[in-house]
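Both of the next two complexes hold chain A, though its partner changes from chain B to chain C.
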Partner chain A sequence: METILLQLLNGLDKGSAYALIALGLTLIFGTLGVVNFAHGALFMIGAFCAVTLSKLLNLSFETVDPTKTDFLGNPLKVKTPYVEAWFGPDFGHALIDWSVPLAILFSIPIMIAVGFIMERGLIKHFYKRPHADQILVTFGLAIVLQEVIKYFYGANPISTPAPDAFKGSFDFGAMLGFDPNIIIYPYWRLIYFGFAALVIGAVFSFLQFTTFGMVVRAGMADRETVGLLGINIDRRFTLMFGLAAAVAGVAGVMYAPILSPNYHMGMDFLVLSFVVVVVGGMGSLPGAVAAGFLLGILESFASMNAIKSIIPGIDQIIIYVVAIVILLTRPRGLMGRKGVMEE
Partner chain B sequence: MKKNLLGLNPKDTKFLLIVVLLTLFTPILLQPFAAGSELAQFNGGYPDLMQKIAIFGIFAVGFNILFGLTGYLSFGHAAFLGIGSYAAVWMFKLLTMNVIPGIILAMVVSGLFAAAIGYVSLRRSGIYFSILTLAFAQMCYKMAYSVLTPLTNGETGLQLTLNDPRILDGAREGSSLPVTNIFGLAMNSSYKVEALGRVFTFNVGFYFCAVIAILAFYVAIRLFRSPFGMMLRAVKSNQQRMTYTGLDPKPYTLAAFVISGMYAGLAGGLLAAMDPLAGADRMLWTASGEVVIMTILGGAGTLMGPVLGAGVIKYLENIFSKINEGVLHDWFSFLPDGVEDVVIWVFARFTGEGWHLTLGVTFMLVVTFLPGGLIEGLKRLGSRIRNGSQKRDKYDNPDPEHRPDPGKHVV
Partner chain C sequence: MTKTDLTRRRVLKSGAVAGAGLALPTIFTSGAYAFTNEPMGGTVTLGFNVPQSGPYADEGADELRAYQLAVEHLNGEGDGGMLNTFSSKALEGNGILGKKVEYVTGDTQTKSDAARASAKSMIEKDGAIMITGGSSSGVAVAVQGLCQEAGVIFMAGLTHSNDTTGKDKKANGFRHFFNAYMSGAALAPVLAARYGTDRKAYHLTADYTWGWTQEESIAAATEALGWQTVNKVRTPLGAGDFSSYITPVLQTDADVLILNHYGGDMVNSLTNAVQFGLRDKMVNGKQFEIVVPLFSRLMARGAGENIKGILGSTNWHWSLTDEGSKAFVKSFGTKYGFPPSQAAHTCYVQTLLYADAVARAGSFNPCAVAEALEGYEFDGLGNGPTLYRAEDHQCFKDVLVVRGKENPTSEFDLLEIVEITPAAQVTYPPDHPMFAGGALGECNAG
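Entry: the complex of A and B
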């Protein structure tokens, strides 16, 4: 029981990341009908937004502290971040400490701008082209974005810690009446899960309860008719692309403390997210979210020693096995709609 | 239609002859600049690069049989390349260092894998097919790293060791590893000829690859011109209509998948024959992406395109990676200082370490502006020069590869 619960929890954070990326992919696919291979790169750019903000906040100037000396007898140089000098040490320190959550606010405008430029500058020209061309051009774009990030930030992962308040882990088991120290779960992962749930809820209610969302949903169902009614659906779809980019971006920002950002993290997540989208059903938003969590949890269960001893290596390939089985038995995916990407 | 002994019409025979000549004289053609001259760094006539061009040419030609003819975009073709490499290295370890059995086994094993993977993946088409092949390739890659370590030697990669059995080779003296050979002729031996101030290297391994590449290319021509190739084009243009005429597209597509998998296995076996080492990296999905890039860059669906694409990419990869800031300084030293720094900064982003950036940018430009690849670009250029007119409607210049004349096959 304890192990099952533990694996369930472990699967949640990875599943949340899959769900968030897959949600964005599906949004783009459902609205614009474009297969976006550069979506993983957006996730990565989000993570690097967190890195950038934390670097910016850590910008410091050096002063010489005459009262102290280092071990060579020279006066000690003290680095003081500008923010601490400007806003006072306490508030400044808090700002630096909370750089990752703050980066969410920082990243949203950036990501929307990036998404907007991508859609207007490149992807717009590929609506009428075959899906193979869309895959190929976004694949090229992903390589370019990856290399640009590599130039600015280097090839090594950059660790970006979570705020001190969330650094530890808490004893989940003791709370539910199990023995202590069996089910231990880092705070930040729980926060990630909560955050993902919040974002997913926000996206769904935006689509469900606003007029804008209603128009977008109508456009997803029948683009032509909506256009005939005199609504500029293209502009709304462009905004949805920006929104999808922002979702991928904030998913990346919050993931930075879990996995130190490196330039190829986007590609690693992209392959899995595509599998998630296909399992959930192309064009189905609930399907993408459900499949994201499902595969994340399955992956974490497969990495249990008890299961690995029965089928060795299953933890490495479970996601692909599930995808193959689902595609062959339920060709439209778990919740795929009829007529979407049938051919 | 008049055909000669090889079963080709006169036009194709000429085409094949040109390819044969180009391939056989590669060591000379890729060495146009005198040794020690300023431009010597653009020479590509060293064995390693030439072998790679030939091998990846085979890989891309095979990929093109699937993607160019049937339109099925496989994103997992590198898996077959890796499987071929592993199979060949095992043959070198167990049986003999002669490359022939290794390459045959590589083709057989990757063909079997292709049959199994293709049978499952081809039940879906379009984007689903791409993702299924991607999933299978990633599975192979992950398994090579984890469970199959006894077979693949995990992260280290499969290598030769001194105490491998090598049944046919007999006992070996000395403590050095044996080299791959073909009936006693070592793959890594080369003959250097100095002429006209240039050093030409004629390498056994390259010529072995070249001969196989020519054979592979010949098979591809025959396949393109055959009724079977016609069926594959039918799969691409309209599967539904094909079914209505009473033909089942599936066996044809599966056959194409297996053939292109075997081409990939052959390329993998050759890679192992040139350097007896196999690692899981060869199966990574970026490697699959690379062959897609080569094919598209050259021109999918054309005969010559994939070879051209493979050559261009491998050549540029080698040359670009070598250019560093020092070289750039030499080139642009004639510019005023401030301008020079800017120009060098820009170029340095695309050369040396930045090769992948160049690759990505080129790829995007080609897909966006030249979907037919370099071959189409050359054709457009050619027709513009010939006609000298402004009218460049693509239907004025019917492309025999994309719009085959149906009359030929209706006999």
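Entry: the complex of A and C
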């Protein structure tokens, strides 16, 4: 029982990340009809926004401490962050400590700009081309972006911790009447789950309850008719691309304390997110979210020792097995619409 | 009926001429080139095969820095580094056997096929006489096999799997770096002394040659001191989030988690384990402990504060105070501005050892070099007295048991040395079962 509860929790936070990436992918596919393989790179760039802000806040000046020596025997250079010198040690330290949550605000304009440049600069030219061309060009773009990040930040993972207040873990077991220390879960992962729910809720409300969202939904359903009504649907779709990039970006920012960011983390998530989109149904936003959580939880259960001892290696393939079964029984995915990618 | 001129005598004659003609080029070449890539001019080319892209690129960059430093020192430039402390004085700072040392580099990408391709290209196109480097045991085993076939010496870089000098050992391959067995033999007594002999260990293991041999070595060494092994779970390489492998640990009565992971996997699994509160947990009335048997200071940075207090082992650390280490840290630190990693150290030392063996043998012939390295005892290269054992081409030297430092004074000051385990304690017989299954074979000079 405890194991099941724990793996369920595990699945929820993994599923949150899948759902957030898949949501952005589906938004782009649904509006622009582009299969965006560079979406994982946007998630990665988001995580590196957190790294960048943390580095910026840690920018330091050096003072020489003659009483100590460095590894070569020279006087030790002590680094003091500028923010601590400007705002006092307490507030400065708090700023550095809270760099990951602060990076959400920092990342949104950057991600929208990155999304806007990507769409206007490159992807726009591939709207009328076959999906295979779009996949190739966006996949190439993903590789270019990750190499750029590697050039500036190196290949090793970079530690980006959560604020001290969220370190440690929450004892669910004690709350539910189990023995203490059996079902514990890190605070930050709970926050990630809540944050993902909030973002998903915000995106759905935006599409559901605003005029802008209504026009976009209309455009997704029938682009030509909306165009004939004199609405510049392309511009709105570009904005949706920026929005999708921002969703992937903030998902990456918040994931940085869970997984120390490295340049290829986007690729690791991308493939799985594509499976999520296909299982959920191409172009279906609720499908993407549902499939994200479903596959996250299944993957988590499949890595239980009890299950691995029956079917070795199942944790590696469960997602693809589920994808095959669903595509065989429901070719459009869980909530796929008729006519999407079927022309 | 047509008459032919063929007579027995004529056939024999022309056969002999043709045979001599066919044999001629090989007579010439074998006279001109006694072995693969014999250096003929005033220079000799070494091939540095390191990961320049992929997840271990930063470690590869540090290896390359060390190689460039070694080449400088061999050619008599810079301050000479460990040449001044090396027990052998065969090298005079005028290149190798008077030939100026040049080098070419290849990118292993930490993929066996890419590493073989780049080594092959350096041997065939650039005329490299020796190949060295790498940051993965899978790559080391693959490149070692290639060098054996090509007839050049392979001086392994960072490779920790028992197999490199065990079942996959080769006559042309040599390893200075320590191995998983040695980590187990050095760590186990320290673990038993600090955490007690009544412990239950849970292993998470990277699913490839290095992970398997390390798991086997650590489990055997700790079980010999009374520990039990509760479970051994294999994790895929680059799993990213390890939480679904960490949470089952909470359900068992294990009180030690052993992470047989390296690089990014180590950073992620350790970070996850700490986030899940494992280090704050009490099991069986004891404090729960985490062990990382192979530490890399370069990569430990990614784990940040999570490595504090965690025990592991390492081949070398820049804070060692012997004359060799001090000389190396000084040259490297002055040139690059930060201390060298253990990968940089082993690569630098391997280059010096190769050059020294050539100088002592008086020949670049791989078989002469191999003979000079076999059974060679030296000192002054940072690990105390060291033996290059003839039976398996493995170096035997002291092993460092280290711990994540509680109060680091700089971004490089992450590990502190807990114990220097003497070489005798980590030495095993050449026919030890963990190393069984392969043979060195014959030296190949091409």
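Convention: the second predicted complex is superposed on the first by the 327 of 343 C-alpha atoms of A that agree within 3 Å, B and C clash if a C-alpha of one lies under 4 Å from a C-alpha of the other, contacts with A are read in each partner's own complex, and residues count from 1 in each chain.
Just so we're on the same page, a residue touches a chain if its C-beta (ideal position, glycine included) is under 8 Å from a C-beta of that chain, and two chains touch if they have at least 3 such contacts.
Remember, predicted model here, so these are calculated numbers, not experimental data.
**Q** When the two structures are overlaid on chain A, which partner does A:Val148 contact: first (chain B), second (chain C), both, or neither?
**A** first
**Q** Let me test your reading of the model: by the given contact rule, A:Gln316 touches which partner, first (chain B), second (chain C), both or neither?
**A** both
**Q** Under the stated touch criterion, which partner chain does A:Leu327 make contact with: chain B (first), chain C (second), both, or neither?
**A** A:Leu327 sits against chain B, while chain C stays out of touch.
**Q** Figure out whether A:Gly213 sits in contact with chain B (first) or chain C (second), or with both, or with neither.
**A** In the superposition, A:Gly213 touches no partner, neither chain B nor chain C.
**Q** With both complexes overlaid on chain A, does A:Asp268 touch chain B (first), chain C (second), both or neither?
**A** second
**Q** Output check: A:His131 vs chain B and chain C. Expected answer is one of first, second, both, neither. What do you get?
**A** first
**Q** Touching A:Val35 in the superposition: chain B (first), chain C (second), both, neither?
**A** In the superposition, A:Val35 touches chain B alone.
**Q** Overlap the chain B and chain C contact sets on chain A and report the shared residues.
**A** 316
**Q** Under the stated contact criterion, what part of chain A meets chain B in this complex?
**A** Those in contact with chain B are residues 35, 122, 125, 129, 131-133, 135-137, 139-144, 146-148, 151, 267, 271, 274-275, 278, 282, 312-313, 316-317, 320-321, 323-324, 327-328, 331, 341, 343.
**Q** Applying the document's contact rule, which stretches of chain B touch chain A when the two form their complex?
**A** Residue positions touching the partner: 71, 73, 120, 123-128, 130-132, 134-136, 138-139, 142-143, 145-148, 285-286, 289, 292-293, 296, 349, 354, 356-357, 359-361, 363-364, 367-368, 371.
**Q** Any idea which chain C residues touch chain A in the complex?
**A** Those in contact with chain A are residues 53-59, 231, 233, 236, 238, 240-241, 243-245, 247-248, 250-251, 263-264, 267-268, 271-272, 275-277, 280-282, 298-299, 301-306, 318-319, 329-330, 333-334, 339, 409-410, 412-413.
**Q** State the interface residues of chain A toward chain C in the complex, per the touch definition above.
**A** 2-3, 6-7, 10-11, 13-14, 68, 70-72, 76, 150, 154-159, 161, 167-169, 181-186, 188-189, 258-260, 262, 264-265, 268-269, 299-300, 303-305, 308, 315-316
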